[in-house]
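A quick write-up on the structure given underneath.
As written, the chain order gives the labels A, B, C, D, E and F, with residue 1 at the start of each chain.
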Amino acid sequence: MRIDYLSDMGPLLLNLMLAIPFVGALLVLAAARRSRSAAAWTAAAVMASGLVALVPLLPATLSGDVLTTRIPWLPEWGLDIALRLDGLGLLFTLLILGIGLLIILYAAYYMPAYDRLGRFYALLLAFAGGMLGVVLAENTILMLVFWEITSLTSFLLIAYKYEAFDARIAARMALAVTGGGGLALLAGLLLLGNIAGSFELTVILAKGDVIRAHPYYPVVLVLVLLGAFTKSGQFPFHFWLPNAMAAPTPVSAYLHSATMVKAGVFLLARLYPVLSGTELWLVLVGSTGAVTFAYGAYVAILKHDFKGLLAYSTISHLGLITLLFGLDTPMSAVAALFHIINHAIFKASLFMAAGIIDHECGTRDMRRINGMFKYMPWTATLGILAAGSMAGVPLLNGFLSKEMFFTETVGHFAFQGYATWLLPAFATVAGVFSVAYSARFVHDVFFNGEPVDLPKTPHEPPRWMRFPVEILVGLVLIVGLLPQIAVGSILQAAAGAVLPSGVPEFKLAVWHGWNLPLAMSLAAFGLGLTYYWRRQYLFGLHEKYAPKIASPVAFERVYRDAGRLASWLLRVIDTRSLQRYLATLVVFVCLLGVWAWMSLPGRPLTGPLPSTPVDGAAIAALAGLLVGAVGTVVWHRQRLVAVIFLSVVGLVVSFAFIRFKAPDLALTQLSVEVVTIVLLLLSLRFLPGEVTARSSSLRKLRDGGLALVGGAGVAALTYAMLTRPFETISGYHLANAYTGGGGTNVVNVILVDFRGFDTLGEIAVLAMAALGLHALVDGLRLKPYAESAKRDADRHPVMLAEMMRPLLPLALAVSVYILLRGHNLPGGGFIAGLIAAVAFMLQYLASGIDFAAARMRFDYMRILGAGLLIATATGLASWLFDRPFMTSTFGYVHPPMIEKFELASAMVFDIGVFLVVVASILLALSELGTLSRRELIAKSSSREES
Amino acid sequence: MIVDIVISLLILVGATFALVGSIGLARLPDFFTRLHGPTKATTLGVGSVVIASLIHSGAATGGVSLRELAISLFLFITAPVSAHLLAKAALKTRANRSAKP
Amino acid sequence: MSHLPILPVLIPFLTAGLLLATHGMGTGFKRAVSSISVVALVVVSLLLLIESGDGSIRAYRLGDWPAPFGIVLVTDRLAAIMVTLTAMLAAAALLTALSGTDTEGRHFHVFFHLQIAGLNGAFLTGDLFNLFVFFEILLLASYALLAHGGGVTRTRAGLAYVVLNLAGSALFLIALGLTYGTLGTLNMADLARVLPMVAFGDQALVRTTLALLVAVFVLKAALLPLGFWLPHVYTAATLPVAVLFVIMTKVGIYALLRVSTIGFVTAPFTADLLQPWLAWLAIGTIALGSIGALAAARLSVVVANIVMISSGTLLLGVAAGGVNAYAAMLYYLVNTTVVTAGLFLLADRVSRQRGAVADFFEKGPRMAGILATGGAYLILAVAASGVPPLSGFLGKIMVMQSLQETSTAVGAWAAMLLSGFVVALVLARAASRFFWEPGLPDEEASTPEPVRQISSNTGSTDAALSGMIACAIVIVLGAAPISDYMRATADQLARPAGYVEAILGDSPAIRRERRP
Amino acid sequence: MLNFVIPVALAMLAIAMGLNLLRLVKGPSTPDRILALDTLTINTIAVVMLIGITASSAAYFEAALLIAMMGFIGTVALCKFLLGGDIIE
Amino acid sequence: MEFLVSAAIGLLTASGLYLILRPTTFSVVLGLTLLSYAVNALIFFGGRLGASAPPLILPGTDGHADPLPQALVLTAIVIGFGMTAYLVALALKAKGESGNDHVDAGEER
Amino acid sequence: MTLFPRVLPQPTITLGIMGLWMVLAPSASLGNLLLAVILGVSIPWITRSFWPDRPYLARPLTGIVLFVRVVGDIIVASWEVARLVVGPLDRLKPAFIDVPIEIDDPFVATLLASIVSLTPGTVSVDIDRAAGILNVHALNVADEAEMIAAIKRRYEAPLKRVFGC
């Protein structure tokens, strides 16, 4: 009854266990405001409560049950909050929470008193939460989420002492390697999920055969292994790990023992049922583990910094664990799990002990630290025991798993025949190194004479600082002496999760009798001590030949070189040249167009329409166009001449509009043309021709080629279009313009009614252009181009001035005429506005800006606003009649004595358009005109001064 | 019919003078003599066509339409101004050129 | 009848008109009008989002003309999403501007509102030529906003931006002219009806025409060989403008998405128009953005390059097509828009605090208030680089999964993973510089204060930043409902028949006239 | 009759315009070119009116009117630029 | 006629493209103006050539030209004008600030 | 008399606008006449500041006579000039001539210059009001004094009478 109740509680507890550290992190931040110890107690309580939450789940999990929970989150993307507690998860959870609790305790004493610890504990808890998430995730994407949370939080933890260069670099290095590995893992897990059809581990783990047989298996394997190896510090991704000891010692102790690096091997264990059992696994995992095992051990002894030594020993032991998984026998997997436990215990205690020594001595250099046994015998004893375990001394836990390793190397299935001895020999040699660096740690720190020049006198640390170490060393002994009782059941449960097809019978015992593995152990011991004894020779060799690369510097250099390379690349591909951008655009569009056409073979360029007969006017117009366009190009360096030729083009285009029955367009084009010319001439005063910048002839050739290709493309498309008939909706406009829009000029009805919304946008563009110009020119000071500066004495020829005055009212009358009739005949607000603006503009031209501006005291901005509002309000009026925006209405009025005439809301709209056009153009022109006046005033005032 | 003949004559006269003006523009030796060409096109050339059009549209609608006169009005106002400014500009350009070397 | 669909355009438009008509009034008045308008805009867009949430597609017929003949505004889920995003960015940008940048040049508020009107119009219109008009509105407003505040850099960047876009506009018009000249319509829904009926001999012409249209959109979206302008322009703009610009590249992507979902897929000869080049170039765009981020000497340039990377990623989604890809890219889009806007705000905050060295990765005075600013930075950086657990990661795995079956999956995955990696490293280094590295000695640290800080009132900028961070967090916490909305949106997109039916369904039979 | 006369007149005007273009290209001075443009514009008025007569349509009148009204502004502006480099000061 | 019209549009496009690739702002302005002529003509002729009357619904007329492209071109002309005006001002501003009228600071010439 | 100029600052222009409107208007209806009046009053009023001084039409009839004469001269001179242009060019004797003028009013002087320009064969190059000289370029100058006298007689004198100056 009670059990059932608990198992119902299981999912809740599981979710709770995962939430606790994250919520706890926030609590700690709050507690730290109160006091340092409050922070410590809160943090400890958080970890402990995680353990407490685990207790009810223990029996079932130990008996092999798998507890899963699932809160759907993004099911269609395969991401749910799905958790799982099995033997493997339990093993790691215990390590994470148990050692985490000890670390918190230890840190409370270790961390300097000025540190309020809020940030520290919060990060540490969040990191622990991330680790828990990794080991408890049922959903692989969720696992990855937590995986990267550990990368992120470890980044922040390593950089905890961020004032130090080493810490900052080490943090970024760790992020680069482990975060990068995480990305590979992400790809691997996504693929894996795709193959399995689910991201749930339960499903994935059941599909090992399918996965191993899948063509993507090698890819998945490599990607997942990249994740695992980077995280667990396997060669050649190991380098971040030694640098990570820039973190405060409690962090290092945690990262190196129970977490972070263990996440990597956890992953190997987690996916062992799915990914192992192939030759590729054997080769990749086995060889990586072997190389890392040996390399870490070899380098460790060379480190004078004892934290460095320990770091490399971590690499080596993680290599060993990886190698064990790689050996791919059931027993080796068990050994791997066992060694995970053992390594966590002894490495945590070693780091804590090392932290105490560092704390007491103020240095970590073993060449200066000597004879610590004398100063702190109790701590030294603890350290020696832990180091013994690391070396694999019998009766200590490390010995047991190492012995299992040696056993598995003997007669391994991959090494048959004459190669049988290879693996045991390798294991023994690696063992020799392990013994040697352990020996160095013990002898060089605790014995080896007197300390050299220490900043302070070491003594035993506070009682409670040592306490966590005592607990752990106690475990080293307990597991070492009574392995089956201490860890037998949990190992069994964990192995059950890793080896679903059956856990081999194993008995953890201290004594297995005289056998080859024991002989290997003894040999390793003897040779290892000898090796340590002859170390000076080795150090000499190392000093002489080993490359001296400090990895933080190297990392920063690589990063910088990458940055430089990127800058260089960017400079090559992006010259920040508009000319290049434009040329690229032309090339791109041409290629895309050609591809689009060519990819549908068999379509002719010429369509079925018979061609329209050519007439003389067309040929004359073409001649004009040719002269105009080519002239503009040829004389583009002579500014004024180019403008003249451009005007010819404008004239011809207007003429073409007339010729092909578009009077409205012709009117608009003609008026716009005039304003454009005036605008260009206004600017030409300040813009030199192409005097300074000349293109090389090669460039001209290239541009000419591009232009011809582009022009030919457009011509071809136009030709293809013109020679084909098409079916259009515009019949509707022709049919409904008068009956529905109340106007006979269909173009105008389209502009103010059918597509009045376009026109509303268009006047906004015009208004903005003028305003933008105003904003740009505002306060701008320009020197006129030298040649244009000489001005004629007779600035405003009297003939011009006098004749333009009568023209103004007459042109305004024409403008009104065009405005009023636009709905029915060519014209409308645009053209009328342009005419009115030009009429006023003429006054500028004829009599100068002073004269004109004095007489045109309009507030253009207000007129612009009014025009926009009138046009919009006309559109809004239809809301009163419950019609959509811009629904027009019209009617015929017949006052007495006067013939009936039409009133249309569209006409009001057109008045808005009219106002905007007039105000925009006049604003633009008067602003450009102000430029010269500004310059003139400046000149005259400077003349007065001198 | 008579209307047609009148219109045709006017059109031909107009075209002829426009052509003559442009021949002058192309042919005459210096800027100031060339300046005289366009005035022909303006006044008599376009003037004739305007009257032709006027008669034509009047005949077509059966009423009197004087709209085309507006064209001539504007041309008469603007053409002398153009010529004047062109002449001034040419004088200025010439002065600049002679002052330069 | 409901006039809701036009309000997102009308409100800013009227505001601009009002501000112009009353242009003599003081700064306070302008700010008040501007703020009220933006608040109204936010409300309206949320209403639109809710209204469209029922899956209905509504056509608002301007001038009460039936669909292919007049212009229609179309509100569906996608449009509502884009309009809402715009409103949110507008709110952030305005808040930022209120701290003083709005008075650095002329007519800021007018341009600001017209820019919004242009954006919303582009998102809402169902007519291709009207789309062009709104493109021009938003572009011209962006030109003016870019120039706002003055200075050589802005002018130079502006010149390139303006000319390039004018060339793009010319191309747009060519494409539109050819579209009309071959298909006889400009209405997007009508396009979907007409496309399948194109005669065999005309197919190459139509296909090429649409290819030109695509070229226009990818230019705006800053696709690889055309996108070099983006970092320069975004970096040159003043802060509020940069924030608003974040949505600008999305307009091109939106347009491409619209046109391809409604139009291209309906006819076999255009169905493969984006294949396979778009995906490869999108991958290249991501690579280019990554290179740019790695080469960047300052935070704002990194952010601009992140915009580029996200553009590439979104285009990958467009290229892939299908419900999954659309759903994924839409979630990603919301995230990247909010986050990059937030990062721009943050880059500004960094600049303001560090004085002369601004947001350059150089030694300078250390940031004050590390916990707040650093925390904000951490959240945004994590979300931007796609590191779990924030929305960037969710977006990334969605997009990656949705691309799984495409022929370019390997390249796309590699590009997305590596770009995230690069961005994470670069942002980590920036964090190290800004927040961790010991500052300069005191006398150097107190160098003359920031150039950009006009008024000391930066509270509103901070509010904008907080808002963006809140949004970023909401996007994670609300991932499930948001993702559902996006999936429903993608469903809607993948069934163009619904769109066509909603726009043209009850129109009188479309009588087409044969020309000539 | 008009059917015969108008093409002839158009041809004459086309020749005239061709001659204008010739002057435009030859120059030699800028005023020459402006003058050529001005003449071209005025000849265009005649052509437009002839087209109007041919089509018997009133729709061409405004175009001719506008060319008459606006055409010379370009000339004025160009000349003023030559005179002082500054056309509205 | 179709061929001539296409050739003319192609010619305008080519001239415009060549000019926008020149290094001075003024050339670019000229080029864009030419380009917009080409574009407007293209849209306009999208309504085809053979119309016999302008799109005015006057009694007794038929064979009206397609009004829709005409309306589009009208919009395009005005927008193009606005853009040109702005670009000219921007070119002036660039000239005023950096003393030259080169389109960019880059090496391309 | 004080009210009149305020309402109708430019009666001539008012007439001109009304005339132009009636010419442009599709029909000479009452409605159009009403519009013509409205415009004829309002436009001069809007643009009144552009007219610092008001030329006063003293003798409109003389003006009409002058107009007819100018048109006639244009026709006659056109033939002569056409012959010159098409014929051999060495017969041309182009020259600048200075015509002394007695008109002070700039507008009237401008009118004179315009008439000179409109008649084929002569182009007004410059008005030097200070020196009282109209600078004219003539295509073919046979007798300079005669040409000056003709201009003064045929155009300047009637113009002075028309505007009462």
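Keep this in mind: a contact is a pair of C-beta atoms (placed from the backbone, for glycine too) under 8 Å apart; a residue touches a chain by one contact, two chains touch by 3 or more.
If you're wondering where the values come from, they're calculated on a predicted model, not measured in any experiment.
> Through how few touching steps can chain A be joined to chain F?
1
> Identify the chain pair with more contacting C-beta pairs: A-E or A-B.
A-E
> Computing the C-alpha centre of each chain, which chain sits at the greatest distance from chain C?
F
> If you average the CA atoms of chain B and of chain D, how many Å lie between those two points?
9
> Roughly how far is chain E from chain F, going centre to centre by Cα mean, in whole Å?
The computed centroid separation for chain E versus chain F comes out at 39 Å.
> Centroid from C-alpha atoms only, then distance chain D to chain F, rounded to Å. What do you get?
About 23 Å, centre to centre.
> Where the centres are mean C-alpha positions, what is the separation of chain B from chain F, in Å?
16
> Among the residues of chain F, which are close enough to touch at least two other chains?
In chain F, residues 20, 24, 113-114, 124, 126 touch at least two other chains, as defined above.
> Give me the residue numbers in chain C that touch at least two other chains, ranges are fine.
Correct list: 129, 133, 136, 140, 143-144, 147, 159-160, 163, 167, 174, 178, 180-181, 515-516.
> Residues of chain E that contact two or more other chains, please.
As it turns out, chain E has residues touching two or more other chains at 16, 20, 25, 38, 40, 42, 44-51, 53-54, 56, 66, 68, 75, 79, 82-83, 86, 90-91, 93, 103-105.
> Can you list every touching chain pair?
Contact pairs between chains: A-B, A-C, A-D, A-E, A-F, B-D, B-F, C-E, D-E.
> Which residues of chain E touch chain A in the complex?
1-27, 29-30, 33-34, 37-38, 40-42, 44-58, 64-68, 70-71, 73-75, 77-79, 81-86, 88-93, 95-96, 100-109
> Within their complex, state which residues of chain F touch chain A.
10, 13, 16-17, 20-21, 24-25, 27, 29-31, 34, 39, 43-44, 46-47, 49-51, 106-107, 109-110, 113-114, 124, 126-127, 129
> Please output the residues of chain D touching chain B within their complex, sorted ascending.
Chain D reaches chain B through residues 1-2, 5-6, 8-10, 12-13, 15-17, 19-20, 22-23, 29-32, 34-36, 38-39, 42-43, 45-46, 49-50, 52-53, 56, 58, 61, 64-65, 68-69, 71-72, 75-76, 78-80, 82-83.
> Give every residue of chain D touching chain E within the complex, in rising order.
Spelled out, the residues of chain D in touch with chain E are 55, 57, 59.
> In the complex of these two chains, what residues of chain B are touching chain F?
Chain B reaches chain F through residues 16-17, 20-21, 23-24, 27-30, 32-33, 35-37, 39-40, 42-44, 47, 66-67, 69-70, 73, 76-77, 79-81, 83-84, 87-88, 91.
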